[in-house]
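We just call them A, B, C and D in the order they show up, numbering each chain from 1.
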Amino acid sequence: MRKRLGRARDTLAANPTATAVGIFGLVLLFLVATPASWQTSTLRLAVPIALAAIGGIFAEKSGVINIGIEGLLIVSAFSSIIAVHRLGDGGATMGLSNLWWGLLIGVLVSVVVALVFAVVCIDFKADQIIAGLAIWLISLGLAPFVSRIVFGSPNTAGISRFGNVTIPGLSELPILGYLLFDTEPQVYLMLAGALGGWFLLTRTTFGRWVVASGENPKALDTAGVDVRKVRYAAVLLSGVFAGLGGAGFALGTLGTFAGGGDTAINGRGFIAIATYLLANYHPVGALLGSFLFAGLNSLQTALQSAGYAIPTELIRTLPHMSVIVVLVLVGRTRLPDAAGEHYESGED
Amino acid sequence: MNSGSGPMPDRIRRLLERLIQASVMERIAISVAALFAAVLVGGVLVFISGSFASCRSGLDVAGTTFCYNPMQVYYELFLGALGHPLEGGWSLTNYNLATTLQQTTLLIFAGLSVAVAFRAGLLNIGTQGQLVVGGLATAVTVVFAASIIPSGFVGTVVLIPIGVLAGAIGGGLYGAIPGVLKAYADANEVITTIMLNFIAVGITSTLLSWQFQDPESNNPRTEPIPEYAEIPTVPYIGFSGGMDFSLLALGFAIALMIGIAWLFARTSFGYELRTSGIQPAAAAYGGVNEKRMTVASMTLSGALGGIAGAFWVLMVHGSWLENVPSIGFDGIAVSVLAGNNPLGVGAAAFLFGILESGSNSIGTATDVPPELVGILTGLIILFVAMPEFFRMIGTRYIDVRPTEPARTDGGRAPADETTEDPRGADDA
Amino acid sequence: MTETESEAETGTGSTAGSGQTGEARTDVETGAGPTTEATTSSYGEAETDLAVHLDGITKRFPGVVANDNVDLRVERGSVHALLGENGAGKTTLMNVLYGLYEPEEGRVVVDGTERMFDSPRDAIDAGVGMIHQHFMLVDSMTVAENIALGDEPTKWFGMAVDRARIDREIRELCDRYGFDVDPSATVADLSVGVQQRVEILKALFRGADVLVLDEPTAVLTPQEVEGLYDVLDELTAQGKTIIFITHKLEEATHAADAITILRDGESAGTVVPDQTNKNDLAERMVGREVLLEIDSEPMTTGDTVLSATDITVEDTRGIEAVSGIDFDVRAGEIVGIAGVDGNGQAELIEAITGLRTPDEGTITYDGADITDWSRRRRIDAGMSYVPEDRHERGLVMPFNLVENSILGNQRASEFATDGRIDWENVRDHTDDLIETYDVRPPDPDADASSFSGGNQQKFIVGREFERDPSLVVATHPTRGVDVGSTEFIHDRLLELRQQGVAILLVSSKLDEVRALSDRLAVIYEGEFIDVTDPDEITEEELGLLMAGQRVETDSTGSSTAESGPGIRPDAGETGDDAETNASSNGGRSR
Amino acid sequence: MFTLAAFMVRNRRQFLGGAGAIGLAGLAGCISGFGDESDHAVQIGTVYATGGLGDDSFNDMAKRGLEDAQDDFDIAITETEPSSESEFESAQRTFAESGVNDLINCVGYAQADALAENAPDYPEQDFIIIDEVVEEDNVRSYTFGEPEGSFQVGHLAGLLTEREFAAGDGETIPNESVVGFVGATETPLIESFEAGFTAGVEYANDDAEVVSSYVGEFNDTAAGQEAARTMYQNQDADIVFHAAGRTGIGVFQAAQDEGRFAIGVDDDQSLSNEDFADVILASMVKRVDTAVYSAIEDTVNDEFEGGVERLGLDDGGVSAVYGDTLGDEIPEEISTQIEESKQAIIDGEIDVPHEL
């Protein structure tokens, strides 16, 4: 059973065209068969998952498993809102809307936290899983801590959100028009991030170094490339993507950040990890995978208000259950050979 | 404890001493250093964040007003948790200390749960979920059993063990799920346990609203267990019942802690578990069925988490409530700080008990947000995770470089192991 | 300090002059007469003719001197062998040349210019390429991606990798040196021989003039080795300089223009093959005369202990690694399995010892069908197993010897009652093992990781042999073990055989399996291509068999008849094109 | 930088002094540091509900009551915001144990169980609880007529949904009579909001349909947004009422995005959330602040007594308040009807259900 699934998977991997056609067909089916509100809400809810997953791909491909990506989402989300609030909601600074400044600052904060994670994992050789958990826990505490200082409450104040950006002409297209060309900036960021991530990973020098660094760092090292730098760059890049995801979600969808409990991110970073494992580290695959999980999330809302008597709490766990089902059916995605291991030049 | 073997022979004592000196001392040093580093970073954070807060009187530095005094925060955190022993009118059995020890007791169980899995090489992030499920199992079982078992002393003696057992079984079964998924479907346990934490919340609240909700209450909670089924306090010397802490529970936790330590050190199962954790291939070679060991250690880990839930119900609340506090996540911090050593879990649990209870004092006695404690917890884990950092600092000041054994025979010297892959095909 | 000193030297005098200084220092410090003699007498060209000159290199690791004032002079366009035992410091020296290690003392001169290599990058830029013993290839990437790694030409202003150009350049290189490598193939799918060629291409792609090959033949079949020699000839003909590391006398004398011998981190002289003989080389290498003689008296064999019928095993990737193997092992008999690594030995042994479930076939042990038995039951039934990988399997590295001494026996009644381990007993047992098997240092409380490979192996062998087994499965029991320990382990194996224990021995060392085995099976692509009498087969024949070439004159057929159906009737089909086929069913050792 | 260093030195000297013979005094001097608060006549402790401050409704209303009292009386305030129900018991107890609080405010029905357990243990300590009844001598319970208030806004929604109405950023869908309700948790209290609301809608218009959704949390704005958006887009709801604390902010966001209306709760949310004033038709105001203020006033005047106080439509404890921006645009014939039904409820002519 397992083997057969594994083989089916290999077959898929061996026929990228067929796989692509298949996925495209499924997407098409989804577009035709579901209401528009569900599709747009799926797109919006996919933003933090997809971008965090793409970031996670880079870190893990380079050999650093970044389980702290949930933490990066949290810090970027709340710091972007605080930034907008401080700069002045609805205003602009130096000709740029404060919302965009908020996005920049959210990304920056996420990168700084990713840098801490990188130093700890790469230079101080911390166990990556433990360090990632620590980053998560620190962020869980930091979000309400900071917003309590700024707002006197674990929740931030509300701010205005990104509006739709309509691309003339293209937005007139059926279905794709309202989905892809008349939507919010963070959705464009997500789509661009997936394509850019794919290009970076598969077509550029850096992408090849990232892959080599995760599969066989020694090979990269002996080829004269500094593994340490590549891993740093990859982890920081995961900070950039997660930052875009967290800040984009906060500024585009949330408009405010609840810092209590699991915070408003509520485990989306962990779902992102499951997403890229499911997508076998393919950035565009991660985008499609995030639609799956986000779609389940909006399905839950849709089912409920449609009056189906499924217990709310149970419906809410649908995405989490499907992560497990997916992991079990797909089996363990082959991690990069050197993922989780420290590498020091000159070591054998 | 080991009744058959007579007095502990010298050699074994020597072995223990060496073990302690070699690795345990270093671990303790690193844990203590990590604690200090976290406190230091946290202090800086508190001080700096004080410049963003508003207050009537603060410290003015270069035009900026700093509102928070880190010293005061830590004073409240650490001494507040003990009931301010340096101030007048202190009694040993005070409420704050009771809260600290109550948290310590729960964290010992949760920490042991995490430690057992980590030692087996399984990153069980799911203690929280196992605790939630185990707690509900306890509450429901005790409420049901109370209806058929006489009340009073008999009820206490029968119901408490039944409740703890129910928690252990509930948590154990829930812990076995990721074990089975890992062993037979190769599903990464870190992801599955995190997801199962979310699912545990969903399932338990569904069960609650479907069947077990206390009709008397507006809160999502089960029917309260009878008072005689709560863990009794020790008369005269103990803390009073209103403090929701019993020395008996702490005693049980410590006994369990020693039991797990003994399991690791002195039993075949413990040996196999540790071997599986360090080198799964060697364990398989040594006749350990990896899959079964994975399931067994996850089950044991889950059972310990379930016991934590049981005590949360039986000692603290007298019923199961939705939104269980994050004892299970704190258990990870406890175990990591303890280096996954069962005996270390006791000390680490006490420290985190202080943090938990001290956060109340921070919240009431200072203006600093009590969420600081969550940040401190994360920082401690972060620093413990990077022993290399402290080794680097250590070697800068003291020469503690381990003495590498020189070439001991005509064979391959250790240094060559670093230059040539030891698994190499070296035909002589 | 030494570095500034040598830099100062370069600054003042000519390079040749500074070389002289280095040699003088050698004399004073080591007093190694023959070293200097050999260096100067047989190989005294001016430094400007040298492609590489390593001058007085000293490299220390904590507690050990890996290279002690070593000199190496390599003439341009020559093949130079660096000969020495394992642990003599050959790889360390080459890592210095490649910029992976920084020497404490000495100079690195490449192409007449003194260099300071901080990283492999610097070495690459100076035209030094290295082909490591364990290939530095990313298995999941294609040949082209691997070759260009770290040196990718780009297009679109550096935005994207110029893949077309990489392919073009690789084709050009292949044409020039006569390689047949497909740039778009995935490395994981290639045979070891082809992977090695990819490594060589990788160095050439970077414009290497000096190629360092670390133990290039270790994983090759004899036929692949011949192919490698041809490649080396082609390279030197085009003006490249080759340095190859080896511990095999044959190879050094056969392929090299000059040989430098290392012993215990020191240079034991440089010689020209024509002017020396193997005995001399061996003596320089080992420091004493070595004779690998094993006294294996024929034994009267007893009952069949282990019998395998039609065993088929798939490897972790689901590819059939062992295809229908039959054999049996009797009490008091050593059955050897020879073969190039990765031809299914590992999977076969794992199936027998219970670490892997065979997909087909039955295994009987002492008459009982144990095919479905767990590893635990097999251990309890008296099966001992010296694993191939002592660091992953045989020992728990962070455990001390006391804890390691019961690995596999942790539930045996001898050491544990009702699941409780009696550590006192275990400690006595450990002390016995240490004494009997001469494990040094004799410290039961030291971590396994702190022992040398030889002592680790002696400890494992001791633990497994002292279990009172009726069957011993030993895989590569002397791999990476020094000569003294090797002899000891061989003696113990023969002793066990004398006691009537059935022994299954897997080794890639031809002399070892030939000398020890009573019957010898040759495994190729998961099948026993032949079962022979080791005394009647020559090393050449054995080499051919290991490469999948059936011996035409089947003189050994009679011996196979009595040992059961050892040859698969259809084995011959696959025999011809060894090199290209070796890859197809995952025949890699890594 | 220099002053910072000086501060450190001073602190250390104090610390060292503290370690000396006099000891504790020095240490105390060091730790008390800055941010001291002077003594006040009366000290009030407040344990908030789990949504925490910043919910722009329930907790913030209680806070407003505190602040109003602080303006009028000499009181000191200590607060704590438990993040889950299981923390209430220890939070209340911590305040009670400290012995310095003259009154402890327990905000929210969820604290009732914990208070019922704690109050008898501290007979000298005064408590109040909002939204639930705890029958102890030292507890004053405040309850509100939520169903009645909800009935009022339901009546408003029912009247508006069937007619063509556009104001601010929103407009109704006249040919579809659908309104929505978003609740936080499926508990009797929140369900009583829905019960009253539904009754009000039906009172206005028998054909109108009420769609409802429970998000499960008081502070999940994203879920609140999705729930409301689904109602607006898929079910053609044009007015959504929420009783979900901070989650309700998501309802406002959705209303704004979709150009529909929302009804706030607890506070006049068109004032507390100005950003959404252009979609907030009205709010079901619940004067938690009045309750808190009156309890503090009684404590200061030493007149505090236990018992149950019920605040309803008649005494302004609950009321439907029109949005600050949109209120003026609501047609008079509608506001007249609302006024009539209010009187009818007060007079007992309309019986508002308290359960679904």
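Quick note on the criterion: a residue touches a chain if its C-beta (ideal position, glycine included) is under 8 Å from a C-beta of that chain, and two chains touch if they have at least 3 such contacts.
Protein identities per chain, from UniProt: B = ABC transporter integral membrane protein; C = Monosaccharide-transporting ATPase.
No experiment lies behind these values; they were computed from the predicted model shown.
Going by the touch criterion stated earlier, list every chain that contacts chain B and also contacts chain C.
A
Name whichever of A-B and A-C has more C-beta pairs touching across its two chains.
Result: the pair with more contacts is A-B.
State, to the nearest whole Å, the distance from the C-alpha centre of chain C to the C-alpha centre of chain D.
One centre to the other, that is 75 Å.
Round to the nearest whole Å and give the separation of the Cα centres of chain A and chain C.
Whole-Å distance between the two chain centres: 44.
Averaged over CA atoms, how far is the centre of chain A from the centre of chain B? Could you give it in whole Å?
Between these chains, centre-to-centre, one finds 30 Å.
Distance between chain A and chain D based on Cα centroids, please, to the nearest Å.
35
Considering chain D alone, which of its residues make contact with at least two other chains?
In chain D, 50, 83-84, 186 touch at least two other chains.
By residue number and range, which residues of chain B touch two or more other chains?
209, 323, 417-421
Would you mind listing the residues of chain C that make contact with two or more other chains?
In chain C, residues 95 touch at least two other chains, as defined above.
Every pair of chains that touch: which are they?
The complete list of chain pairs in contact reads A-B, A-C, A-D, B-C, B-D.
Under the touch definition given earlier, write down the residues of chain D that touch chain B in their complex.
1, 3-4, 7, 11, 15, 24, 27, 30-37, 45, 50, 78, 80, 83-87, 89-91, 93-95, 97-98, 109-110, 112-113, 121, 132, 185-189
Please give the residue numbers of chain B that touch chain D in the complex, ascending.
Within the complex, chain B contacts chain D at residues 55-62, 66-69, 71-72, 75-76, 86-87, 95-96, 99, 209, 217-221, 242, 244, 316-317, 321-325, 360, 363-364, 366-367, 370.
Along chain C, where are the residues that touch chain A in the complex?
Spelled out, the residues of chain C in touch with chain A are 95, 98, 100-101, 119-121, 123-125, 130, 132, 136-141, 145-146, 148-152, 154, 158-161, 202, 318.
List the residues on chain D that touch chain A in their complex, please.
50-56, 81, 83-84, 180, 186, 211-217, 219-223, 225-227, 229-231, 233-235, 246, 249, 253, 273, 275
Using the touch definition up top, name the residues of chain A that touch chain C in the complex.
Residues 3, 6-7, 199, 203-205, 208-209, 211-212, 215-216, 218-226, 337, 345-346 of chain A touch chain C in their complex.
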